[in-house]
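The following blocks contain the structures, represented as structure tokens.
Look at the two complexes coming up: chain A is in both, with chain B in one and chain C in the other.
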Partner chain A sequence: MRLGRYELKLEKRLTVSGWEAASISILAILFALALFSIIFVLAGINPLLAYREILSYAFANPFGLPPTINRFIFLLLCSFAFIIPFRAGLWNIGMAGQFYVGALAAFGVLYAFGGKVSRSADLPAEIVIPLMLLGAAVGGGVLGGIAGFLRGKLNINEIVVTMMLNFIAYWLVALMIKEGGAFMNPGGRGESFELPASVHAPLVSNVPFTLLLALGFAIYLYFLFARTKIGYQIRAHGLSPAAAQYAGVSTVKISILVFVVGGALAGMAGYHYFAAVPGVYKIARNYGYFGDLAFYGIICGLISLANPLAAIPVALLFAGLTVGGRFVQGQLSIGFGVDYALLGVLMITLVAFQFFYRYRLVLAKGPELEETVDVGVFR
Partner chain B sequence: MWEFFARSLEASTIFTLAALGELINQRSGILNVGIEGVMLFGATLGFIAAQLSESYLLGFVVAIAIGGLLGLMHGFFSVTLGADQVVVGMGIWILGFGLTTYIGNPYTGPLGMDRIPTISGLSPFFYLGLVLVLVTWFVLSKTSLGLRIRSVGENPAVAEVSGISVARTRYLCVMVGGMLGGFGGAVYSLFYNPVWNYNFLMGWGFIALALVFFSTWNPWILLGGSLLFGTLWQLSLNPQLVLPGVMSRYLWRTVPFVTTIIVLLIMASKWFRIRWGAAKPEALGVPYLKE
Partner chain C sequence: MLLEQVRHGETVLEARGITKRFPGVVANDGIHFEIRAGEIHAILGENGAGKTTLMNILFGLYQPDEGEIWIGGQQVKFRSPLDAIDLGIGMVHQNRRLVSAHSALENIILGHPKAGKILDLKRAEAEIGELCERYGFSVDLKAKVWQLAEGEKQVVEILKALYRGAKILILDEPTSALAPPETKKLLSSIQAMTQDELAIVPFITHKLPIVLAVSDRVTVLRQGKVTARLQTEGATEQSLAKEMVGREVIFRLERVKAEKGQPILQVEDLSAASDKGYLALKGVSFSICEGEIFGIAGISGNGQHELAEVLAGLRKAEAGTVWLDGTDITRASALERWRRGMGYVPAERVDVGSIGDFSLVENVTMNYYFDEDYCRGGVVRYRGIRRLTKEIVSEYSVATTGPDSKAKTLSGGNLQKLILGRVLSRKPRLLIANLPTQGLDVGATEFVRNKLIEAKKQKAGILLLSEDLDEILSLSDWVAPIYEGELMGIIPGEEARRDIVGALMAGSVTGGAAR
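Presenting the complex of A and B:
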């Protein structure tokens, strides 16, 4: 295409530098938000006003900020559940199921300690809380491990398996908390029994300690991928399983490892939301809603190009948008499900922008040489 | 018992339609893991169109059209732009899941129209599904169009050299595949269970995807698989009709999903692997760009 003296043409990229990739991701988010304003316009609301309402509620409101931070912790853990297998070239879309099973396992530990008996039960917090967290990790890890084993050992499509496990886990939660299930709330409101006050998760300036855990994992995972042998093996497997296998990396081992670790982190998100967030402290009746939100982990992982540190700002933004979106729904009387619609718009924009990781628009001609690194995510 | 049987056939028809679309897609070498999203779109927009216009016909037309559009969109990303097909499919699923929840919410509740009449007690779509299976089988294995589709799915470079337009063939297949997916979704929301509810499909599309793998890309085996899963689905919804008092109803709901995993396990056996490997379209999921 010609524009005056310049020519606009597409050029194939061989590699993408870190900054280029980051700017494409930021552009994708901005584009998606611009596209999403159509929904506000259709509802007769000034989109700028709507976004200001959303962001100011989510980040600058004493009622909005705590839910945003709690949502952020949850989304970050779910993003890691996606990122770790994705680095190995595998798709974990089972974060919802791993989240459910993590929550069930945490409450299972509590049940074993007699936590159901009474809300005022005096349980040894220093033993019960670590065990609940561990239980959640084991639960999520086992569910993830099933998919990893089937993929690594028997080469069964992990997308289908993790999705099936999501539904299985969904109904298992219903089995446990509804209609006479072992974890049913004695009041019978279709939710689980409540956490005794003695084992409420410790708060660090009103934020659950799981925040430190999630941020710690971000740093740890970053170094794991960048500096360690196992991180290198995971990345090699992601670029080419066959070549990695030839170099002595076991497909079976890597598949199981990434799914167990990813699942364990999603499981901890289950502990976080139902046992650490102030004011919840039970497996809520609408647990399926949180499972749906877990899919934001996929987008967060893709937009951050599977970089655990880059996932932090992305998860924070999405946390704010979902929490604030729910708020303006009531405030500006828009239809239900703004957070769902945003999920869809973000995802499809990202798919479209994937193109720019491989091609660039160039004005004029003459190739310039640049120092580049291979991000190796969108092969 | 008769009603259980009839309902099972209705359920299996939905699996047949969606999976048949995916089979056509995959035969041309394009993998669409987002059929659930296509079905959700077809079901929701078809439901809304039918309710607003009080015409079933318009509902189905809208559903088929949106399915075809989504198929073309998948084609644009994966055929023209050569994007990773799994990413695109996931995008379509999440787009469908997210957007239909928002769009459909004001229409939550029953459709409120007279039910579509049955033909000698069975769903009219069941007969239509049978015909479509027959037509698909015939076109794919007996006609020159079918040969073109299969050759594009096996080896696009060779097909291109022998004068077949890979892009055009694949666009045709993704469009028809999407139309069948959208239609399948509308059969769900306009006939099988004419009530709109948030994320009502609960995995039908993903089971249909597994069915295609299971079928070794053969429409007749696909039909058998859908009958099995339609029956299982119906059983999981109403276990008391057949096996009263066995297991909690929530555990029954997991049965179709557990069975899917078991089926995939059986397919991992060596006997199956050999046949599967031979039948798999060689270029499935591999982007093809003319240099």
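Presenting the complex of A and C:
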């Protein structure tokens, strides 16, 4: 494209540094927000006002901030559930199912300890809470492990398996919490029995301890990929299974490992949302809404280029936008679901901006002045 | 069509000052040559000399930045390969561009203007049959391409170009995948074509003897420039290599007699299936001792790939036993074999031997992440591996910008040096080297062969699998021709004769009787 004496050219690029990737993502987010403001304008709303409302509610409001943080923890764990298999070249689309089964397993532990009897039952928290968390991890891990085993041993497509398991897990929850289910709330209402107050998850300055857990995982996973033997094997397998096998990496072991660990983290998200978020403390009737939200772990994982530390800001942004979007929708009486619409536009833009990982725009002076520089590789 | 009627010796194609630049590289720098009707004009050059770029320009895939192409006395511009084809240029790619599920005939007429919407397969078959007869090609036109041998696929590509009316035939590394008898047949076909005033332009990296045998003239490229234009008559293998590399090259390797040591590898009745499921390796038995090079000579697809993989632990043995230093390792994992001192240099250096998106350090890690000296408590000691990488890079003179650059930035020869250096740095007891010099230029080939000899001197047992008969004959203590998954004999290196081994690897049983 010509612009006066200058020419705008697309140039292929071979590598993208971390900072370049970050700036591409930020540009994409700004572009998406600009794009979405057209929708606000069409709805007769000042977009600047709307964005200010969204962000200030999500990040600076005493009522908005806690749900943002809780959703952030949830999204971060789901992002890891995607990232770990992804680094091994495998796609986990089953974080929703692993999340459901994790929640069921946590409530199973509680059930075994007699937690269903009464909300005021006095249970030993220091035993029950770790066991619930462990149960959630095992539950999610087992469901993930099925896909990992089938993929590693029999080469069955993991996307199909994890997706199908999502449906099974969804109806398994319904079976357990609705009419006649073992975890049914005594009052009916299509939700599970409530968590006794004695085993509510401990809060650290009003935030569930699962925040520390999720952030700890981010650091640990970063270290795992960068420095450890297991991390190396996973990364090698992700870039070239044939080369990894040549180097002695077992596809079966790696597939099972990444799906078990990924599933376990999604399972912990199930513990987090239904047993650690203040005010919930039960498998809620609209558990499917959170299952849908779990898929945003895929998007967060992709945008952060499967980097566990980069997933932190991305998950935080997504959490804030959904919470703030839902709020502003009521506040400004908008007739459509701002949260999902905004996420959708954001997603498409971010995917489209991946183009710039492979190309860069270059503003060059006109060709008559252009000089080819021989770097002299062959000289 | 500008080349309807050509007389012998008339210039049919002329390149004038072709220059093509890529970021950081001048791939072709003012290249000038002309091709005459009825001649075989070889273009010679090492990897990276600019041959591929030039070929792509002549076939219309790239536009030159500067320079002109003249055909039959008129300047032409190719916007796409279609223009080049229409003007009478035919191209036979090294990586075959055929639809493997279709028959040879269907492939030949694919894209032919005469084919139109309704296929007249009968007429096409008759016409192509005539071409076959004229130039001495024998290929089953009804066979599916995937059933054909490498040489037959090449014939299909040649027929496709001829049927399209090519007057100038560009051949990319025409003999690299052929057995000696197939090469012979191809050369006689090519000579028959020159009788009909076709111009044949083979692009060649190695296999200098072939250039000498058939070509009329040679143009040598080095670093993007033409360094020599000469009549083949009077040129020698030495003189051509010197022009290509820019220095003297030693061809004859002294066969080193190492002290015969303990047996390292013993293989008995080993069988393995191919990816398609049929038995590709049928009960081979042999053993390799310390300080021995055991050369397996064969044309690709005769089971040597399966043999290398089954020994490296990457493919299941259907039957038979493998011992390494007296231990049965038939069912051992690849990792365990590495730990026991086996080293494997795979033929697929880009897809299996390395990971393009990994840095050189991470690529070296492929053979070290399990090594206790470089991995403690599950944490990889990248600092140590980095030091090791630098040593390999300098010892093997790998041309790179540094140990942190990605492996995909390396040229084929440099990548092979890195892989070989990495595997040999483990000082393996047994080295499996599958096609270690395939596609490498003269300089890198010489280097790799010398490293193999060095490893042999240090008492490593080496299994060398190669399609290059000269390589096998000059390096091996034992020569075993392989044909359709069976060893046709095991011949002591000094007794192995070129013609006999060549016949055996083509499946001739009479050759087998002569041993």
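The rule is simple: the second predicted complex is superposed on the first by the 363 of 379 C-alpha atoms of A that agree within 3 Å, B and C clash if a C-alpha of one lies under 4 Å from a C-alpha of the other, contacts with A are read in each partner's own complex, and residues count from 1 in each chain.
The rule we apply is simple: a residue touches a chain if its C-beta (ideal position, glycine included) is under 8 Å from a C-beta of that chain, and two chains touch if they have at least 3 such contacts.
Because the structure is predicted, anything quoted here is derived from the model rather than measured.
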Practice task
Identify the partner contact of A:258: answer first if only chain B is touched, second if only chain C is, both if each is, neither if none is.
Solution key: neither
Exercise for the section: May I ask you to decide whether A:174 touches chain B, chain C, both, or neither, giving the answer as first, second, both or neither? Expected result: first
Handout entry: Partner chain(s) touched by A:164 [first = chain B, second = chain C, both, neither]
Key = first
Handout entry: Touching partner for A:312 - first (chain B), second (chain C), both, neither
Key = neither
Fill in the blank from the handout: Max touched-residue count on chain A (chain B vs chain C) belongs to chain B
Exercise for the section: Could you say whether A:243 touches chain B, chain C, both of them, or neither, answering first, second, both or neither? Expected result: second
Handout entry: chain B versus chain C as contact partner of A:229, first or second or both or neither
Key = second
Exercise for the section: Quick one: classify A:343 as touching chain B (first), chain C (second), both or neither. Expected result: first
Practice task
Determine where on chain A the residues touched by chain B overlap those touched by chain C, and list them.
Solution key: 378-379
Handout entry: Contacting residues of chain A [partner chain B, same complex]
Key = 39, 91, 93, 150, 154-157, 159-161, 163-168, 171-172, 174-175, 178-179, 292, 295, 298-299, 302, 335-338, 340-345, 347-348, 350-352, 354-355, 358, 378-379
Practice task
Sort out for me which residues of chain A touch chain C in the complex.
Solution key: 14-15, 227-230, 232-233, 235-236, 239-240, 242-250, 372-379
Practice task
Could you pull out which chain C residues touch chain A in their complex?
Solution key: 21, 24-26, 48, 223-224, 312-314, 333-338, 344, 346, 348, 351-358, 362, 365-367, 369-370, 375, 378-380, 382, 406, 409
Handout entry: Of all residues in chain B, those that touch chain A in their complex
Key = 33, 77, 81-84, 86-88, 90-92, 94-99, 101-103, 105-106, 198-199, 202-203, 206-207, 209-210, 213, 248, 250-251, 253-254, 257-258, 260-261, 264-265, 267-268
